[in-house]
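The next part holds the structures, each set out as structure tokens.
Common to both upcoming complexes is chain A, partnered first by chain B, then by chain C.
Our next item is the complex of A and B:
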């Protein structure tokens, strides 16, 4: 324990929850970078301040991003983190791996980097944490030999990500892993070569439970929905009830739209499809008896983002329903229209949601050619300051 | 020239046969024991997934270890969750108990499924981010150590509870929509190093980067000045100009936000709202943060109805009651004064005393 002289961090090796400090120490056995990372972190714990600084831009051949420069501000003390860059490696859709693939990755990263990873980063990439400028290129070359490509950074389409989807979820309305795979391959250029005012994120959740955090964490959220009736297996409902399930208390009374009713006489659960807003509650609590409808597609939401710059946003409904069938041409066309308009009109570091807020949703709809529908708003305007185009009013003599 | 733009490995090559055969055919799932999911297909096929905690920041040793385990019990197939847990995908039911036994023997924590507190989604912190106000990994480790019985299912909760930690107000990681979020904040305005700024700072970009218009040119010094009355300490300017520094070890710390959610389940998604404006950084244990989080969890767990997320519970009882039940002080910091502030003011006599 003494070998690194990190008494504060050593405290965080105690207990049952897996310790990141122990992980750094494991890597530090063979990586001087990981060892200095640990020592520099101890200094941060002592001084209560970070020790990374702005630095030069790093890059690899053929890419405009995907690697992010990181430099220590105390390099004399910790020379092995003088340069400690990140490679963002595009994860497998749905975060599925084989042991073989992961071992190949570890072999390359042990050879060229710190042997430390984030599985996974906030956007979804595998984050390879810490290497030198010199090692970046050979590392990326060897990653390419084992089939791993870089993700996005800077003013680019960022690495796309999604929930587990049809691979292992009964609620999946759309094929989230396939959509991500298809879009990722289609948008390689804008992912790898930043050409936009800021980042643009797309995430796909296959149902309104939104396990991929799409509506809050992506500029364009694709969320699986259905628009016919949810399916009820009455036999299975009765089985729940036979086991003591309180259908009125746990499901009918909790349906936010009062769409459900329990016919005690017929022992039947009924749904009024026009009222159901697909809130998922009944499906979540009675998974064996209630399932998603058959006419599936996606609701698209635009503008989700974290606070930078003008405050946090959760995406707004842009398209209430779009069919999602490969090759997803309608979706791609819309993405292109949105990103073209945004790239032309946004200020530096202005996300698409902020630009829409600045110019107005109605104006945005007009430029991308979407018709306003009530599903887009919680309520119509409550102020009288309506704009009229000259074409919309009679000419006065 | 090396090849470019070939994309990530195809997920289809990473799927166990049982998933390939039942893709899109899953009928339902159950949770036979904490941390284990049992998915049943319309074909009758069954897949078990065993979920274990991960510190997210992992070593090659960890990667190799989970790979070995996956090889032994899962024909090599495993995945990660959106909350950074590891899932072992077991096709052969006979291998389920032996897998669990080995995971237990190796001190992996099994849990994080269904009505539980799952892994924290968090950011880099002092480990690797240049704008980190605190260490997200350290705070997360302490909180989860304290709440591990909620992860493993030893203690039940009314509903799932999502915790996120972000080391600055950029709030990477869904902090604006989590049941409880911990966010690093500054309390003092940035300092400008005029000499450095005159050399390296792109003045117009820096001025434009400030959302409140707090930055003015300082032509005499060929630098900029910051108006303390307008600055809201967001740190945007420091991201564009390296001569502006905002770190302040004495005054930086964390804030705690509650009641956000992302799922559309029952109620629409909600933003997290301010509960505690400031707690000082106190590494390595951040005891005040851990205590505050536990307190919030316990008050919610003892008052919420079955299935009620933190935000749904607060909406039902009202924020005035929330502050009373939690015994947290309500201060001028809790009243919004940014872009959408007025949408949070009350225009009704319907409130509780």
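Our next item is the complex of A and C:
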């Protein structure tokens, strides 16, 4: 490797935290692509301008997505990043791998690519950073041999993602990893063959702590929840208090809906289930004493997203409670109705939440066959006046 | 960007192999791009898709959305992939000489 200096990037190695610059430097010892990547980035920092061309269409047989084309706009200077495509590889649900599987993956990627990864991208995928057009097909073929498949890109259902769920967490209300595996298998066609106006994301968090960031980062968020009461182990509550835990300060007064009360005389913590919004705060601070209810299922939220037509939107409740049992037919039917309607009506690059805002929730609900319920109210109205067209008054009664 | 010679004609293509100037497209070029996109033999069905894309592009100046392509040609998306293994955007649009569809974000 030629000697090269990157004074501006070196600044990003300072401090007590990991640095992507240090990681790329390590890779640069064996990968000419990684070395040119650093050189090009140093130039970008110097000139304050990016040196990747916009877009690029590359792919592999039978797939309409999963690979994002990347070309340098200064290829003469940095020939090893002339083509530096990104491959999205569908991660294992909940991110569980054996060391052996990761080694197999690394062997393939060392052979065909730069050796650089994002584990994991915000889509959830394993992102393989930097390969050539020529190497794409053999790389994906060998990934397939070791059991990996590409993820989604473009106007497709994007790689589905979830939290660790029941595999590793006592708060899990639903089996998030199983749901994601099942949906991934079921939706192979729309994942690999983009056919929609833009992306559609589904993420599953097994409880309202939302470790998969489903409410903010997915068009359809499936959030584990329970509909009966919190389970409170009064003995365990008293143990917390005996150790100096300030129950009023740390739990009761922080309950956003004042659903909890502490009976100092009886030494009992009580919950008013009708008031409880399942915010998880009490469970998170007293995990040994308070746990989720027994009757579990999911709340579905619609419309979460970040970029393009409008700014970021957070998902709002579409279905307050749905049972989650294999084969998840009710969920799949609903997803199909939503995506069919959206694909038929959306403008290019318009996400489902934006379309609903444009045409109105009432129209959307009518098509997918859901009755309006109070939980669907995203925010109170700012404008107290409602303008009804005469036909609408007739139609809606 | 680079130049390739097809049937004695110098054609400029971009790094993804798309024709840079859609105006230079002619039917004689299609078999060259078919080879690039692993279409072994051009059938009537291929031409139906190619002609549809040309017509749509001529009228609207852009490529149609994929659902529209399927509806108007009567092919399912699966059939489109059987005809063009690299898909409608990379495969069919390239053969039809349409400008490169925008990349994914």
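Here is the rule we go by: the second predicted complex is superposed on the first by the 370 of 397 C-alpha atoms of A that agree within 3 Å, B and C clash if a C-alpha of one lies under 4 Å from a C-alpha of the other, contacts with A are read in each partner's own complex, and residues count from 1 in each chain.
The rule is short, and it goes like this: a residue touches a chain if its C-beta (ideal position, glycine included) is under 8 Å from a C-beta of that chain, and two chains touch if they have at least 3 such contacts.
Note that the coordinates shown come from a computational prediction; the quantities given were computed from them, not determined experimentally.
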Fit or clash between chain C and chain B when superposed on chain A: fit
Which of chain B and chain C A:54 touches, first, second, both or neither: both
Partner chain in contact with A:65 - chain B first, chain C second, else both or neither: second
Which of chain B and chain C A:117 touches, first, second, both or neither: first
Contacts of A:373 with chain B and chain C, given as first, second, both or neither: neither
First, second, both or neither for A:348, with chain B first and chain C second: both
First (chain B), second (chain C), both or neither touched by A:195: second
First (chain B), second (chain C), both or neither touched by A:154: second
First (chain B), second (chain C), both or neither touched by A:83: second
Which superposed partner A:307 touches (first chain B, second chain C, both, neither): both
Touch count on chain A, higher of chain B and chain C: B
Shortest span in Å between Cα atoms of chain B and of chain C, once chain A is used as the common reference: 5
Touching both chain B and chain C, residues of chain A: 54, 61-63, 189, 307-308, 348
Residues on chain A engaged by chain C in the complex (per definition of touch): 54-65, 68-69, 71, 83, 153-155, 189, 193-197, 307-308, 343-344, 348
Of all residues in chain B, those that touch chain A in their complex: 1-11, 13-15, 19, 23-24, 26-30, 39, 47, 49, 53-64, 66-68, 70-71, 76-82, 84, 86, 89, 107-109, 121, 123-133, 135, 137-138, 141-142, 144-145, 148, 169-177, 205, 208-209, 211, 234, 236, 242, 247, 249, 252, 262-267, 269, 271, 281, 283-285, 306-307, 338-340
List of chain C residues in touch with chain A within their complex: 15-16, 18, 38, 65-67, 70, 77-78, 81, 85-90, 100-105
Residue ranges of chain A touching chain B (in the complex, touch as defined): 8-9, 11-12, 15-21, 23-24, 26-27, 34, 37, 41, 44-45, 47-54, 61-63, 70, 84, 86, 89-103, 105-106, 109-110, 115-120, 122, 129-130, 140-141, 144, 147-149, 161, 163-164, 166-170, 172, 175, 177, 181, 184-185, 188-189, 192, 208-213, 215-217, 250, 254, 256, 278-281, 284-285, 287-288, 291, 306-312, 314, 347-349
